[in-house]
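You will see subunit A twice below: alongside subunit B first, and alongside subunit C after that.
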Partner chain A sequence: MSRGVRLALFGIAGPGLAAVLVIAFTGLPDFGAYHGIYGQVLTGIGVSVRHATDLVTALNFDIRGFDTVGEEFILFSSVVGVVLILRELRGEEEEVHQEESDEHHFAGASASLRALALGLVPSAITVGIYVVVHGQLTPGGGFQGGVILAVGPLAVFLAGRYMSMKALAPTVLVEIGESLGAAGYALVGLGGLIFVGVFFKNFIPLGIPGHILSAGQMPLASIAVGLEVSGAFLVGWTQFFDQAMIIQGGEQ
Partner chain B sequence: MSFLPFAVAAWLFVAGLYGVVSSQNLVRTIISLTVVQSATYVLLLGIGYVNGAKAPIFADIPQVSTAVDPVVQVLVLVDIVVEATVTALLLALAVQAHKRFGSLDPHDLRALQD
Partner chain C sequence: MTILQIAALAAVAIGGGAVVAAPDPLRQVIVLGVYGLSLTVLFFVFQAPDVSLSEIVVSTVGLPVMVLLALRKVREHELEQEDHDEQEQEG
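Up next, the complex of A and B:
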C-alpha cells in the first residue's frame, strides 16, 4: 500500500479516533485521585508480611511471581525467534575479515571514545550486579540490573572491537547463561511447590527488612532473572552485529 | 489541568500512529511503534498516581506513608520487556526484508516467494 493511500485511510479513520478519545477524556477521573484497592492492600503488607522495602520487586518476584514466569519466557522465546530469523540463509556465508572485524571501523570511534567505553566496562558490570542483588531493598532488580550488566560487553563493541566483545562474552557461554537464568527462575517457583506445596510460595526464611539477605526468595529470583535478561540482550545484539559484520553474500 | 498526563499519553499514541502510517522506511515504522507503546507507560503511571504520595520504596520513608500504586508500576515493567522483545523481532524481520527486496520501503515489499 503506498504512502498516499495509507495517509488517506488515516485521514478517514482519524476523526473517529479523535471522537473516541474525546468521549474517553470526558469520563476520566482526576489525575491523582486514584484509590485502587489492590495497591493500598499491597502497600500495607509489603514490608510487614514480605519483608521487602521495594514493593515493585516484591510484587514482581513474590506476590505475582507466577506471572513473571510468563514475562521471562516471552523474553526467552523472542530471543529464540531473533536467532531463528537471523540465521545463516542459503547462499550466505560467515566470513571474518580479520583486520576489519577485529578493528572494525565503527563510525567516529575516536581514541577518547575508546578509552571512555573501555572504562565503562567494569563500572557497568559493578553497577549491574549491585542493582540485581539490591532489588528487594531499593529500586532495581533482575530486569533492570540484567540490562545494565549486558552493557558491559556492549561497551567493548562501542570501543570498536567486535571480536573482543565476542571473546569477553562468547556466544555459547551467553546462551548457556540465558538458559540457566530462565530455568533458575522456574526452579525458584518449583522450590515453593516442593517445600511448602504451592508454586512460587516463598520457602526461604524472610530475614530482617532492609538487610541484603532478606525477603526470602526475592534475591534468588532476582539473580536468576538478571542472568536471563543480560544473556537474552547479548544473544540478541550478537545476532544483529553478526549480520552487519560477519555474514556476507546471500540472494537479493 | 488534572488530565494533562492522560493527554500526553493520547498525544504520544496518535503521534506514533501517524509515524507508522506515514512511514516510508521499516526502521522508522518500528521506532514509531515504540512511541505508540510509550503512551501506555505514561497512561499506566498516570492512572496509579495518588496526590501527595511517595514512591512505593520503604527503604527510607516510614512504613505508614501513602505510596502510589505499585501494581501499575509492575505492569509498566512488563510492558517495557514486551516492547524490547517486539522491537527486536521486528528489526530482525526488517533486516531479512532488506536482504530479500533490497529496500526498506514497505511499498516495495512483495509477496514472499520460495
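Up next, the complex of A and C:
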C-alpha cells in the first residue's frame, strides 16, 4: 500500500474514531460519581469488619485475596519465562570483563553520583520495608514495597559496580526469596482453608484498627507478596544484566 | 474535575505523544520515564495513591533498566556483526 493510500485511509478513519470517542467520553459519568452497590458495601466494611484503614490492601489481600494468587503467579511465571529465554545458550560463554563488570563507568559518572547512589541503597530498603509492613494502614503494600526494596541493590549498580550488586543480592538468594514469597502467599490462603474451612478466609485475630499488627492476615500476605515481587524484579534484572554484561558471543 | 486533574490529563496526553515521537530508542527510554512520572501524578490526583506508588517505581526504574540493557545487548550484537562482515570482505 502506498503512502498516499494509507494517508487517505487515515484521513477517513482518524476523524471517525475521534468523533466516536468524543461521543463516548461525553456520556461518561463524572469522576467520583460511582453508584455501584459493591463499592459502597466495601467502603462500609473496610475498617469495621476487616480492621484495615487502607481499603485497597483489604481488597487485594483479604476480600479478593484469591485474585491476588492469580496475579502473583502471573508475575512468577513471567519471570520464569524471562529466565528461560535469557539463559546461556550453546556457543555463548560467560566472560567477565574485569574492567567493565567489576567497575563499569557510565559516561560522566561522577563521584557525587556514586555517593548519591550508595546513599540510595539503605533509604530504598528502609522505605521498601516500611511500605510493605504498613500496607493495611496507609497506601502501599506488598507489591509497591517489593519493587522499592528491589531498587536498593539496583542502586549499587548505579554506583558503578555490577559485581557488588550481585554480592548484595546473590542470584540464589533472590530466587529463594521469590519462591518463598509465592509459596508463602499461597500458604496464607491454605491457612484459611485449614483453620476456618474457606480458602483465603481470615484466620488470624483482627487486632485494633490502626495498629501495625492488625487486619488479620493482611500483614502476613503483604510480606509474602513483598518478598515475591522484590525477588521477581531482581531475578529479571539480573538476567538482563548477565546478558548485557557477561554473556558473550553466540551462534552466528 | 479540578484544574490539577485537567493538567495531569494534559501532561499524560503530551507525554504519550512525546514517547512515540522520540526518534532514538535511547532517548525514548528517558522520555518514557518522564511519561511514567506524569502518569504517577495522574493516578495521585485521581485519588489512587496505591496505583501511583506502583507506577512510580515500575515506570521510572523497573522498565527503563530492562529496555536500556536490551538496547545494549542489541548494539553489541550489531557491532559483532559489523566486525564479522568486515573480516569477510577482507578475506
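Keep in mind that, in the parts below, the second predicted complex is superposed on the first by the 224 of 252 C-alpha atoms of A that agree within 3 Å, B and C clash if a C-alpha of one lies under 4 Å from a C-alpha of the other, contacts with A are read in each partner's own complex, and residues count from 1 in each chain.
What we mean here is this: contacts are C-beta pairs under 8 Å (C-beta built on N, C-alpha and C of every residue); 3 or more make two chains touch, one makes a residue touch a chain.
The model shown is predicted, which means the values in this text are computed figures rather than measured ones.
> Between subunit B and subunit C, whom does A:G191 touch in the aligned arrangement: first, second, both, or neither?
So A:G191 meets neither subunit B nor subunit C here.
> Touching A:G177, do we find subunit B (first), subunit C (second), both, or neither?
So A:G177 meets neither subunit B nor subunit C here.
> In the overlaid three-chain picture, which partner chain does A:I74 touch, first (subunit B) or second (subunit C), both, or neither?
first
> Output check: A:P219 vs subunit B and subunit C. Expected answer is one of first, second, both, neither. What do you get?
neither
> Name the contact category of A:F31: first (subunit B only), second (subunit C only), both, or neither.
In the superposition, A:F31 contacts both subunit B and subunit C.
> Considering only touches as defined above, state whether A:F241 meets subunit B (first), subunit C (second), both or neither.
A:F241 sits against subunit C, while subunit B stays out of touch.
> Going by the contact rule set out at the top, does A:L7 touch subunit B (first), subunit C (second), both, or neither?
A:L7: touches subunit B, not subunit C.
> Per the contact definition in the header, classify A:P139: touching subunit B only (first), subunit C only (second), both, or neither.
In the superposed model, A:P139 contacts both subunit B and subunit C.
> Just checking: does A:V56 make contact with subunit B only, subunit C only, both, or neither of them? Give me first, second, both or neither.
After superposing on A, A:V56 lies in contact with both subunit B and subunit C.
> Specify the partner with more touching residues on subunit A, choosing between subunit B and subunit C.
B
> Shared contact residues on subunit A for subunit B and subunit C?
Comparing the two interfaces on subunit A, one with subunit B and one with subunit C, the shared residues are 30-32, 54, 56, 139, 143, 236, 240, 243, 252.
> Looking at the complex, which residues from subunit A come into contact with subunit B?
Its residues touching subunit B are 1-3, 6-7, 9-10, 17, 21, 25, 28, 30-36, 38-39, 42-43, 46-48, 53-56, 58-60, 64, 67, 71, 74-75, 78-79, 81-82, 85-86, 89, 137-139, 143, 210, 236, 239-240, 243, 250-252.
> Applying the document's contact rule, which stretches of subunit A touch subunit C when the two form their complex?
30-32, 54, 56-57, 131, 139-141, 143-144, 147-148, 150-151, 154, 233, 236-237, 240-241, 243-244, 249, 252
> Residue numbers of subunit B touching subunit A in their complex, please.
2-7, 10, 14, 17-18, 21-24, 46-51, 55-59, 63, 66-74, 77-78, 80-82, 84-86, 88-89, 91-93, 95-96, 99-100, 102, 106-107
> Which positions of subunit C touch subunit A when the two form their complex?
Touching subunit A from subunit C are residues 1, 5, 46-47, 49-50, 52-54, 57-58, 61-62, 65-66, 69-70, 72-73, 76, 80, 84.
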